[in-house]
Amino acid sequence: MSDAVAVALQELVLANRIMAREGVIDDFGHVSVRHPQDPGRYFLSCSRSPEIVTREDLMEFLLDGTPVDQRGRGVYRERVIHGALYQARPDVGAVVHHHAREVLPFTVVPGLMLRPATHLASVLGHRMPIWDSQAEFGDTNMLVETAAQGASLARAQGDNACVLLRGHGANCAAHSLQAVVFIAIAMRDCAELLLRALPLGTPTYLSDGEIEITRELHLKGAPLTRAWDYRVARAGFRGI
Amino acid sequence: MSDAVAVALQELVLANRIMAREGVIDDFGHVSVRHPQDPGRYFLSCSRSPEIVTREDLMEFLLDGTPVDQRGRGVYRERVIHGALYQARPDVGAVVHHHAREVLPFTVVPGLMLRPATHLASVLGHRMPIWDSQAEFGDTNMLVETAAQGASLARAQGDNACVLLRGHGANCAAHSLQAVVFIAIAMRDCAELLLRALPLGTPTYLSDGEIEITRELHLKGAPLTRAWDYRVARAGFRGI
Amino acid sequence: MSDAVAVALQELVLANRIMAREGVIDDFGHVSVRHPQDPGRYFLSCSRSPEIVTREDLMEFLLDGTPVDQRGRGVYRERVIHGALYQARPDVGAVVHHHAREVLPFTVVPGLMLRPATHLASVLGHRMPIWDSQAEFGDTNMLVETAAQGASLARAQGDNACVLLRGHGANCAAHSLQAVVFIAIAMRDCAELLLRALPLGTPTYLSDGEIEITRELHLKGAPLTRAWDYRVARAGFRGI
Amino acid sequence: MSDAVAVALQELVLANRIMAREGVIDDFGHVSVRHPQDPGRYFLSCSRSPEIVTREDLMEFLLDGTPVDQRGRGVYRERVIHGALYQARPDVGAVVHHHAREVLPFTVVPGLMLRPATHLASVLGHRMPIWDSQAEFGDTNMLVETAAQGASLARAQGDNACVLLRGHGANCAAHSLQAVVFIAIAMRDCAELLLRALPLGTPTYLSDGEIEITRELHLKGAPLTRAWDYRVARAGFRGI
């Protein structure tokens, strides 16, 4: 295994634990990273909850979801979410799929918008589309399981950092694991803030210029590293 | 003791601990499993809070609530809830009675409905009746203690997964302990979501077709196992 | 020291730890027990937060607040709350003064009522008066420090289980420590429920008959013991 | 190192840990103390999250933000917040900059006021201004990084205990670390209370006289010490 792959896998275990520790993912949801040396592959855990994922659970997949070395391990039914995004977006290096509790209201109340109202939420970007499986696929089991569903969802996300799934959850994408973890937590925090603020008045959201300048600052360099170090320390290294 | 009984008892201790760890049951509330080889009996803890229930606390009861081997242990006053459901519903293999904080508002605000708005909440099914002890029994101590009260409550629940008790709590029923634990947590999560969403607009609930297909998926096979493994790991094995 | 006193002191340490563990008391607030053999005295910690109170911190007081054996320890400025209630109410054996976060809104929003809507909340009783220091004493430091303030507050409480203090907190009183701990937690839980329910509709409160019958059940015997055992287990015995 | 400096640094590590333990600061935010013997200098951690700050991370700065002994350590970009306040306010001995979740709604909803409604919140004082970087500086990265921004913010705070930053967070200032920690926690608690109370009615706020008298009581002597001891015990001494 190359050093780059070893580092990616180590970070992927940590990203799993952080998503659990920070309450973004509980029993369901998953996080992946693109193969650092082969853009046609990505790494994702076998079918386990992120809180208990270890290095041995990580598997390698082709972008169409075929496991490279399954060894009998179960796989996430929704791994097409990851493959379809890596296919559609060469700039994306890591993906989180989650059902964060604070975000869910924004997936079920029509017209309720999740927009950046604080500097840290700037990483959510200018627009957050919502994808409804019902529109294109009618009554389903509500999972994203087929290539057609994955492609439809990736189209809906477009070049945005996040997309909401009606009655289900959300996806976040970024160039790196550290960045996508930052975005997923900022999404949850922004949702929590708006749930509190909206009953009391109309919030002042960030201006377009503020979003642009502040996002640039937070997804690069020191803030990303400071946040990552903090979250690694909180999540701990049990079983890693 | 047969292997099947040993497995059922082990799972019952875990189910007690999970209900406590996930905040569904605190000091009051209880969880039972039907005897795997004698449908006329069930297992339930003696009168202790689920967080501290151990293997030694588990007791065997006839469906009318008579303890088979009491050995001086105190019994839950409301065990008729369990027996009446096992009597009325041959398909039911496990029952949870709880007072989850997020669910309580739906038991006290007339007309407030707890309906599935997310894929995981599909396991709550199409309808959740509410039972009010006042209607049939007038002023009481609000517990479900008599055979008549147990039968009335079981009738109200009908073939639904859950029933609400006015000003009191809720019951969940399913074919297995793993399934009823899944349902109880989904009920709490759905209530939490609606408490947040309702002040901000009218949620889009699952369609009848979505409920049917998605419930089928979640109460069988991999999702149930993944959730159970996660919750066992979180609850830990202290004192088991 | 008599056995009765030893038991009372042991329970008082536990009650302190429980109030902290359950989030009813944080840095400020206190809990006391009447001397089991001398109704003219009571026990209360020296000036420490309940989470870190140990057996050595417990002090004995006369009902007027005079410490029997101070040994240089600091005393709570508001201990008159306890003495005044023991003076006015021979039936009271234990008192909790707290600022539970969920209860505070009911002390600052005029007309907002904290009434039992669930069976466990029946222990709050039929009426919960509110005392406003401003009415009788004008601008003060808002603490209950003088004999006149203590007597005024005890009069406001009357024979009720609880009284609210405007912009400050609440007092609970009962015949025993186990009962007053039960009431304080039920008060917090009832407040939490109403904060969630009130924005969504008008709750159905317990009928007068339900309050009477259900309160009687919960403040005596098995339910009280089950709840106490559970909370002792959760609070732990660190440093006791 | 003088004894006074050693005590200040020890308290500064504790203040960092307390702000993290009590949920006032998470990944971003910081706390500083003025040099006890040289009013032209202050101490602040290098660029780390308060939960993991140790004695070795503390650095000494001139009021203009120049590190006295950098030794390659990264510095907070927003340290000008601290220097500008020490410059403008000779009475200030310690500063907290935070993004407490409960406080954020008051920074994004125009006209929403954070005013003392309980005795403990009296330490927030009579007025809490809000500073909007947009007004004077237009679209920025929303951080307070330049001398001009620091001075503008200090002017907005004036002689108040706290100032809100639109879409960002808040600053608290006081004569000592123990006092500023007390104020930051009271600010968070007051915000939490108002978020709960405002949807249910118009709160009764403290009178001007109550604020004055009660603030005086809480920022001096026994209450401050009791709260500090409690929070040190809760935060623990790991790694200190």
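A, B, C and D label the chains in the order they appear, each numbered from 1.
Note that a residue touches a chain if its C-beta (ideal position, glycine included) is under 8 Å from a C-beta of that chain, and two chains touch if they have at least 3 such contacts.
Keep in mind it's a predicted model, so treat the numbers as computed, not measured.
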item	value
Chain whose Cα centroid lies at the greatest distance from that of subunit C	A
Angle (degrees, nearest 5) of the CA superposition of subunit B onto subunit C	90
Numbering shared by both copies at the subunit B-subunit A contact, with half separating same from different	different
Inter-centroid spacing, subunit D versus subunit A (mean Cα positions, whole Å)	33
Rounded Å distance, subunit A centre to subunit C centre (Cα mean)	46
Sequence positions of subunit B contacting 2 or more other chains	199
Subunit C contact footprint on subunit B (complex, rising order)	26-28, 47-49, 51-52, 74, 77, 99, 101-102, 104-105, 107-112, 134, 138-143, 166-168, 195, 198-199
Complex contact set, residues of subunit D against subunit C	117-120, 122, 189, 192-193, 196-197, 199-207, 209-210, 212-214, 216-217, 222-223, 226-227, 229-231, 233-234
